[in-house]
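You will see subunit A twice below: alongside subunit B first, and alongside subunit C after that.
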Partner chain A sequence: MVQAIRLEFFKMRGRCFGLLLLLCLLVQGAWLWWTFKSMSHLEIIQGWQHYLYQLPVLNAILLPVLMAVMASRAADIEHKGTMLRQLYTIQPAGKLLLSKLLYGGWYLVLLLAGQLLTMLLIGLYKGFYGPIPWGYFGCYLLFTFVITWCIYLVQLLLSLFITNQLIPLLVGAAGSFCGLFSLFFQQYWFSRLILWTYYSQLFLCGMNWDKETRITEMYWIQPDWAGFFLLTAGFLLTIVVGWRLLERKEC
Partner chain B sequence: MFWNVMEAERLKAHNSPVWFAFFVLPMIPAVLGTLNYWNNQDLLQNQWQDLWTQHTLFSCYFFLPVLLGVYCAWLWRLEHQQHNWNLVLTMPVPVGYLYSAKLITVAVVLFLTQIWIGLLFFGSGLLCGLTAPFPLLDVINWLLCGWLGGMVICVLQLFLSLWIRSFALPVGIALLGGVAGLAAVAKGWGAYFPYALMSIGMRANTADSALSCGTVPFLFFSISYMLLFLLLTILYLHQVDLAAKE
Partner chain C sequence: MDTVVWTQDLTKRYGRMDRVRQLNLTVPEGVIYGFLGPNGAGKSTTLKMLLGLVRPTAGEIELFGKNVNSANRLQILRQVGSLIESPSYYGHLSGEENLHILQKMRQLPERNVQEALKIVRLEAHRDKKVSHYSLGMKQRLGLAGALLAFPRLLILDEPTNGLDPAGIQEMRELICSLPERYDMTVLISSHLLSEIDQMANVVGIIRDGEMIFQDRLERLHARGQKQLALRTDDNLRAETFLSARNVPVQRNGQWLLVPNLDDDTVAACERLLLQQRIHLLRIEERQKSLEDIFLELTERA
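Right, the complex of A and B next:
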């Protein structure tokens, strides 16, 4: 397995995974910096909560398409020259899926580490009030990792099954739409059935906006562990089903 | 000869999944934007104008650039596959014809997309029971300016998709460009940024008759950017050995 993962890193040299994630991080960092540049006193007091409200929204917009792009790049190399047919003679399909999944997961860890660093740098520079809420940050990182990895898995399976990469990318774009607009519909039960809506389902912060005074007040939300375990179960089920289907697929 | 190339592009478009994107993707912001307008009617008093911003605000910054990126990447996809550039370059067809056919195809698809967005907007307004008269001339103006701004993204994405031999990477760049476009518009630099011109043209922020950056700068930068990326593509097609890049 270690050899298979090393092989993935070797195959993906020069495919700009790191650059793409760095660009994403830069866009997110610039966005946060611009948003937090002129904060009121009340906003600085609730600075950490503002972070954990805004970042999932940004993730819901950017990460589904980015995961579709990454998965497509990871799978497309096998489609070129119909390499899968040869590859499956020496490497089981499941092993290939797992190694590509772990490869994507590694870059996701780097992205989230970058996000955490950006949050801490801007927060400490702006002098956000109170101690750093490490517990909530930990939950945010865990939830975001599992949601995004799950999206990557779905996109990877689509990209491996469908040679024409147009379709997986369209699914990614449609997922971004659903993720963004789910902020308006997160209270309805059916949004639990749509993977991309989990960025808003697992919010750790809420916002009260007073129409009269136009004052925004943030508040903490207890982590939705039931939603998280439902998502994790869906993730594991998708791996098993995807593995089986990939092994049966004719190249 | 040119019509044969156009016919080839039409054949490639026939039965392509890109039509699924054409129909379905604009429907998502239309449906969700309408629901959001419906839920906030006490705040949104300007009927058609407010419904328009609900439809276009997010789609112009985040999703239409991606959709156009997908259109353009799809147009070069077949040429990039396997050793097709060898075949294309040995045919008695100037590469200029090939590029022009693709540019016209994407211009037509974008035009049809704009009409589809307009029809969805009109249908949503009827469903919401808006009583104000439909601002037909304004909507035509917004859609045409959006088409012009969208063509800038198309010319740029056609160049990127020709240069970068990957289907997915130019789409990712389009997404990041769209988000950066939002920041550019917020800072008042929208007219100088190619990915922001479509949202300015569509009046995604405020549904006014006037363009936020002024008509002359909008037209000047739209045409200038189109010419610039057109020139880059022509230079690339003539200077680089496309077959050897495989």
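Right, the complex of A and C next:
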């Protein structure tokens, strides 16, 4: 398996994954800087909470599209040169899925590390009040990693099964749209069934907005471990089903 | 001679249509087996089934005497190299890098890459991106990939597709040299009879998913034996007369076809017919070309 992952890195040279991530980080960093540059005193006091409210919203908009593009690029190199036909005579189809999944996961770790660094730099520069809430940050990174990796997995499966990459990319764009509007229906049970809504379902911060004083007050929310475990179970199930379907795929 | 590939009642059904029907394929070791058939006859589907890329609806496959199943497929395929339909490659990588990927996946020695490049004469282009290769070069790279492990069995599906005449000639010479140089068995499919005629020792002909001929190439040639075509002023009486003298006669329009008789027998027949007042109007020597035989076999009468 280690060899398969190494080869995945070798194959993907020049496919600009790093550049894509950097671009995403720049957009997110710019957005956060613009939001925080003219913060009021109250907002600075609640700075860390603002972060953990705004970042999931930004992630819900950007990451589904980014994952769709990354998965599409990872799968398209196999379609373009009809490599699947060759690879399936050498290694199990599931191994290919797993190596591509781990490859995507590695870049996701880099992205989240970049996000954390951006948060800390802006937070410390602006002088956010109170100690850094490492516990919440840890939960945020874990939740975001699993949601995004799961989206990457779904996109990867679509991209491996469908030769025309426009379809998976459209699914990615639709997922992004769905994630953004999930804030409006997160209280309904069916939102649990939609993967892209988990960015908002696993929020660690809530917001009270007083109409009269026009003051926004942030508050912590206990991590939704039930939702997280449901998502993780769905992720593992998707790997098993995807693996089996790929093994049965004729090419 | 051992059998390298053996199938029994191999069938592939898509919906209600049988793409391959009860195919019994036998490829002896050390031969170049030409798998011949018109476009859409089921050649590629059969080869894909041998490689496990398509699941058979029914039937059995044995490679190197072992029954192939999902558990041992990849283990058995370590001894098989393949090039199916079109060459497989990563266009953004160089030819050598492409082979390195396959070499590492198959856990082969590094030197195999250089050797395979040398065999297909791509050493000079090893560092060039494959997307900049010509079709012929891509095809040769595909063959290098198939040869990389120096397998016991090489499965090539229409490997000369899209090549220019010089490329075809080069590819043909290369394939013909493989059994002797590397002790390989080659199973090659084509819809071009002339191609198979120049390369194969054993031929299998498939039509509408069914094997209609499978034997050594000489046997196929033997079907094209010379015949004599006669035309007389009374073919009916001539036929009865010759048949009564144990000369096998076939009627073919205005002609009577008899086996290729020696000169003395032909002269005797002519004399005897004349005695019966049957006048010989025309006599011709005919020989079926391999193409005629192929068309006869592949087109339903």
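Rule of thumb we're sticking to: the second predicted complex is superposed on the first by the 251 of 251 C-alpha atoms of A that agree within 3 Å, B and C clash if a C-alpha of one lies under 4 Å from a C-alpha of the other, contacts with A are read in each partner's own complex, and residues count from 1 in each chain.
One rule holds in what follows: a contact is a pair of C-beta atoms (placed from the backbone, for glycine too) under 8 Å apart; a residue touches a chain by one contact, two chains touch by 3 or more.
Just so it is clear, the model here is predicted, and its values are computed rather than measured.
When the shared chain is aligned, no partner comes close enough to touch A:C139: not subunit B, not subunit C.
Comparing subunit B with subunit C, the partner in contact with more residues of subunit A is B. Look at A:L52: by the touch rule set out above, it reaches neither subunit B nor subunit C. When the shared chain is aligned, no partner comes close enough to touch A:L153: not subunit B, not subunit C.
When the two structures are aligned on the shared chain, A:W31 is found in touch with subunit B, with no touch to subunit C. In the superposition on chain A, A:A60 contacts neither subunit B nor subunit C. Of the two partner chains placed by the overlay, only subunit C lies in contact with A:L7; subunit B stays clear of it.
When both complexes are overlaid on chain A, the residue A:M218 reaches neither subunit B nor subunit C. Taken together, the two structures place residues 15, 80-81 of subunit A in contact with subunit B in one case and with subunit C in the other.
Only residues 3-4, 6-7, 10-11, 13-15, 77, 80-83, 85-92, 247-248, 250-251 of subunit A touch subunit C when the two sit together in their complex. For subunit C in complex with subunit A, the residues that touch the partner chain are 48, 51-55, 70, 74, 77, 80, 82, 84-93, 97, 100-102, 104-106, 130, 145. By the touch criterion given at the top, residues 16-18, 20-21, 24-25, 28-29, 32, 35-36, 39, 58, 62-63, 66-67, 70, 73-74, 77, 81-82, 166-169, 171-172, 175-176, 179-180, 183, 186-187 of subunit B touch subunit A in their complex.
Those residues of subunit A that touch subunit B in the shared complex are 15-16, 20, 23-24, 27, 30-31, 34, 61-62, 65-66, 68-70, 72-73, 76, 80-81, 164-167, 169-170, 173-174, 176-178, 180-181, 184-185.
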